[in-house]
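Structures incoming, each one as structure tokens.
One chain, chain A, links the two complexes that follow: it is found with chain B in the first and with chain C in the second.
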Partner chain A sequence: MSIANKANRLTPYVFMAPAAIILTVALLYPICYMIYASFLDWSPSQRIGEADFVGLRNYANLLQDAAFRESFWVTIKFAAVVVTLEMIIGVGLALLLDRNIKGMSTLRTIFILPMMIAPIVVGLMWRYMYHPTVGIFNRTLKSWGFEGIPWLSDSNWSFVAVVMADVWQWTPFIFILSLAAMQSLPRSALEAAEIDGATEMQKIFFIKLPLMLPVLIVTLMLRLIDAFKVLEVIMVLTNGGPGLSTEIVALRIFRTAQEFQELGEAAAMSNTLLMVLMALTIGMFMYNKMQENRAVRMKAAASKGAV
Partner chain B sequence: MPKIVLEGLVKRYGAFEVLHGIDLEMEADEFTVFVGPSGCGKSTTLRMIAGLESVTEGEIYIDGKPVSHLEPKARDLAMVFQDYALYPHMNVAKNMSFALRLQRRPKAEIDAKIADVAETLGLTQFLHRKPGELSGGQRQRVAMGRALTRDSGTFLFDEPLSNLDAKLRGQMRAELALMSQRVKKNMIYVTHDQIEAMTLADRIVVMNGGYIQQQGSPEELFKKPVNKFVAGFLGMPPMNFLDGEVAEKAGEIYVEGQDFSVKLSREKADAIRAHSGRKVTLGIRPSDLVYSPDAADEQSLLLNIVVSEYVGAQTVLLCECGGQKIDVELKSDIPIDRNRQLRFAINPEGVHLFDQDTEAAL
Partner chain C sequence: MSVQKETQNPMFYMLMVVLVVMSLGPIVLMLATSFKTNVDVYDSSVSAFFFAPTMANYETVLCDVLWYEPSHVEYCDPTFGRALGNSIYVALVSTGLTLLMGCMAAYALVRFRFMGRGTVSMTTLMMRMVPPAVLLVPVFGIWTFQYGLDGTFTGIILVYTAMNLPFVIWILQSFIVQVPMQLEEAARMDGANPIQIFFLVVLPIIKPGLAAAAIFTFRIAWNEFLLGNALLDRNTRTVPVTIVNSITEYDINWGVIMATGMLLAIPPILFTFVASKQIITGMTAGAVKG
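Our next item is the complex of A and B:
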């Protein structure tokens, strides 16, 4: 092979190199750094080189750490509850609003406003609304003659409180994606169902939801991944309390690093969370891949089958 | 099976009226075809019968019963859609049995019905495939199968063949004709393809601009079109139109125009004698012109051949007469010189006359 030829073949790689290098540094470096740090007994006063290598001790500690197990459980509970509620409300709203109402576009914009507000602001806003004496919830309850609710000071109610705030902020995400999915459903299939004698409910359960399923599954995965990483709203609302009742993993990591100054331990926690999220992400990729393969198989079958 | 009557059917979208009072009676077990160009209101009419569009004014009667305020499912109809409208997530058997399953019929009955219909349509081996795994023709069959399993009194077809390629379309057309002979039901069929209309229909309803132009048997419409639109819409290649004027010479009636003067038969002449001097359009189908070098001037046209299109057994000559375009269809084995002026005799039976202003037949 001539030199010119060789150079030609190398050209694309040369062009791609800067992007590849930046990607590697920006993506892999922090992750590798974190993985490495999780094997160290490292306090913020030390440089990373001075920290002692402790092998898997940080991970072993995690397994025995009741507080971490508790916050892991809280995270799972939180993610499961909020995502379930958000899916039901979001899809339900989309089903209700999938029609031509006057001012629909304005209405839709209003619906997605919560998503656009910074989580810190959402947290602050809800904290004022949950205020035991001047918050709107308790004032309303009292004006109706009920007892006020200890929203943020009771360990059961505080979980409800953070769930409500998260549902308020993230339901629109599911609403807007399922509305888009619904509006791209084949109109004629729904008309055919109508002629076949399906009621509105039967159309929803037998036609609309099954056809929306691929979008719903991806939406669910995205929300789940996000719910596992939630931090700001809860930090502002309850800061994990009372007790550990709302201390989700992200908050635990933050406190381990900031308050307890255990960088290695925090890194090990992060890695554990990362592995969970990785599993979810891989699950989503596999689902997508499955869909693609199925589409390819179908196409092949259709073109093979003659008239 | 029921008789369907449309009475003064009007459809408005806001202030925009798309159907202007459709009156039509379809006899029991009749194959009715609505045909017309896009936007003529034929699909809207069908969708109103189906109950997918609301009726603005007027009424639809099925078996003497007004149905315009009933849900589609209460009207006892089955429908085949242009894009088939199959349920993509259900296999063929599930697609065809959806309506029966909604009615909670016994499973054995459903299975028997599906097996029966699948057999008729040659779908037995595809029952477990999903629509995405079928070819266009197979999907079309599933759509028809879904309608057939319903046992409805009336079948509605909304341009069911227009998504198929030409060869498949011909084949499916023949199958449809066969099916309509076998299952004696009301069929209402919408198409923009006049060949489908002519071959399938007991009754053709030609629509244009939201009005019914003419309705009747295919033969009636082909031989006695009531206006220039119907005459030009049915028949392939379409009818030729030559603008001229009615003239009376020595007791005979002629239509005269640029480079032609055609003497009318006695029957036609009597009908038009009173209109001497009136501007008319002479309509002659391409098949009513016969190559005949020795024909008399007054019973023939002298045409300049522009292009000759060989289509196998037939050849279509695109010609010109006094600046107006005119097509001639003739057998390909007739030896003619394709680069010359030729004389074609007019079949006296095939002469149609239309008023130039109103376009109505005279």
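Our next item is the complex of A and C:
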């Protein structure tokens, strides 16, 4: 009996152990290591012990590095633009199509496809479509008698080009999540509004959107975090160019490590990116907690009122 | 609103058709181009979708694994055939490992509650936000100099497993919570030990959750480029890495590269059509139950 008891007490640890070990060895340790490495002057041919400790020099270099500041700005701009566009289009479409239409599940299935395909492949197909001579966009424009657009070779157009590819790939994510949220809204509120004679617009702005707000904010945060991670699509499309016009921070980290072999500096950049994302995640978590607390308080108030 | 359900405005169907065309268009274009000769690609008089299709591009890509020797291939480059094998192996093994460890951990977290659920979802969320680009430098350094795993399958499978575990644990938790406790207690009465209860009682019930988690894990391991590029060598490279290496600045053979891309895209596309319901469940569970 006592052996069985002991086994039972050990069970949770046995079940946790494999995942805990893997996560420690291959995720936590590398992240701590990176924080340490960001204080080193380190090239890939060196072991980490041989690298010189340089304190905050990598960070100081980053601050002075106009190229890094530029790519930081590009990242913010890219994330803000794509998330805004995707939220507007995604939620808008969900509001429009939130009704009993045949073939909705087929549409949703087709909508998932762009998210499931490898980012590398998404980059490839958009690069083909943007191609100055063989691409479908410029061919169509030319057949209509317009000039071709220098999609990937002009620094303004290239930003538009990467934004379009990202919107194509990720708007469905927001559409599907907000549609799911909309369909789980309490029917009673909508029916009450209908009885009171609310118009379609009033229902959207005064009932649907406010009730969906918590889910919408979580969706927005998830998408924002992901927008900072985008790398492969942009790498295949423009590799950050022309100039630095599309070089987001993730891509800059990759190039700093791969092409310029400055591991310490790449680690410092990674750290900066990580801190931004950490702030976003904590913000999202706090918001969730606040919502939960509010729901609990409302429930308590409601039950008190009933008594 | 319930009255007008049967007769919807045709505008909505128009809108849906437009949406389907927009989201499928690029994929169909890629598929079409993969059956096109390079001459036709560069010839502007040939339509994007209507032309004489050819299997030549696929034959070029797969020449190493085909049972016959394609007549038009002068030199057979074995890179892609090998990469395809590598990709399948890495993705399958890491998916299997992630699922096994993930569901065990999720079960322990839900049933034995030795850590608050708040803490767990906080940590998984934190881990989920770490971009692969941030892992690039440390993983490269550690795998090369400390673990000695650079260029090996073990090394890359270890990274992918670790990257996917937080998300899998998170998703599976929400499924395990719904397993009725009484079932497990009944099994315990019948003398089953915790391991048996887990594998014979709990796992069969959460199959839909496992399917969703498996697809998400497979997708990441199958599509990942960055870490694979940093860790793998010539013989162990996966498909995304070989694709990027074969893109040159000028004179791209679009037909061949689209065929390669199509081959990489086929497994996720198949999964989507087979299990779209599970994927949507997984996606909404991951976001809404944050």
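To be clear about the criterion, the second predicted complex is superposed on the first by the 279 of 307 C-alpha atoms of A that agree within 3 Å, B and C clash if a C-alpha of one lies under 4 Å from a C-alpha of the other, contacts with A are read in each partner's own complex, and residues count from 1 in each chain.
Heads up, the rule we're going with is that a contact is a pair of C-beta atoms (placed from the backbone, for glycine too) under 8 Å apart; a residue touches a chain by one contact, two chains touch by 3 or more.
Note that the structure is a prediction, hence the values are computed from the model and not measured.
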item	value
Chain B versus chain C as contact partner of A:Ala192, first or second or both or neither	first
Contacts of A:Met201 with chain B and chain C, given as first, second, both or neither	neither
Which of chain B and chain C A:Ala66 touches, first, second, both or neither	neither
Partner contacting more residues of chain A (chain B vs chain C)	C
Partner chain in contact with A:Ala302 - chain B first, chain C second, else both or neither	first
Contacts of A:Thr281 with chain B and chain C, given as first, second, both or neither	second
Interface residues of chain A shared between complexes with chain B and chain C	194
For the chain C and chain A complex, residues of the former touching the latter	1, 5, 8, 12-13, 15-16, 19-20, 22-24, 26-27, 29-30, 33, 41-42, 44, 48, 100-102, 104-105, 107-109, 111-112, 114, 122, 125-127, 129-142, 145, 158-159, 161-163, 165-166, 169, 193-194, 198, 219, 222-223, 225-226, 229-230, 240, 243-244, 247, 254, 257-258, 261, 264-265, 268-269, 271-273, 276-277, 279-280, 283-284, 287-288, 290
In the complex with chain C, residue positions of chain A that touch it	7-8, 11-13, 15-16, 18-20, 22-23, 25-27, 29-31, 33-34, 37, 42, 44, 47-48, 93, 96-97, 99-101, 103, 105, 107-114, 116-122, 124-126, 128-129, 131, 133-134, 136, 139, 168, 172-173, 176-177, 180-181, 194, 215, 218-219, 222, 225, 228-229, 231-232, 235-236, 249-251, 253-254, 257-258, 263, 266-267, 270-271, 273-274, 277-278, 280-281, 284-285, 288
Residues of chain B defined as touching chain A within the complex	50-52, 71-73, 77-79, 81-89, 98-99, 102-103, 126, 129-130, 132-135, 137-138, 146, 150, 168, 171
Chain B partner contacts - residues on chain A that touch it in the complex	186, 188-189, 191-198, 202, 206-207, 210-211, 213, 295, 297-299, 301-303, 305-307
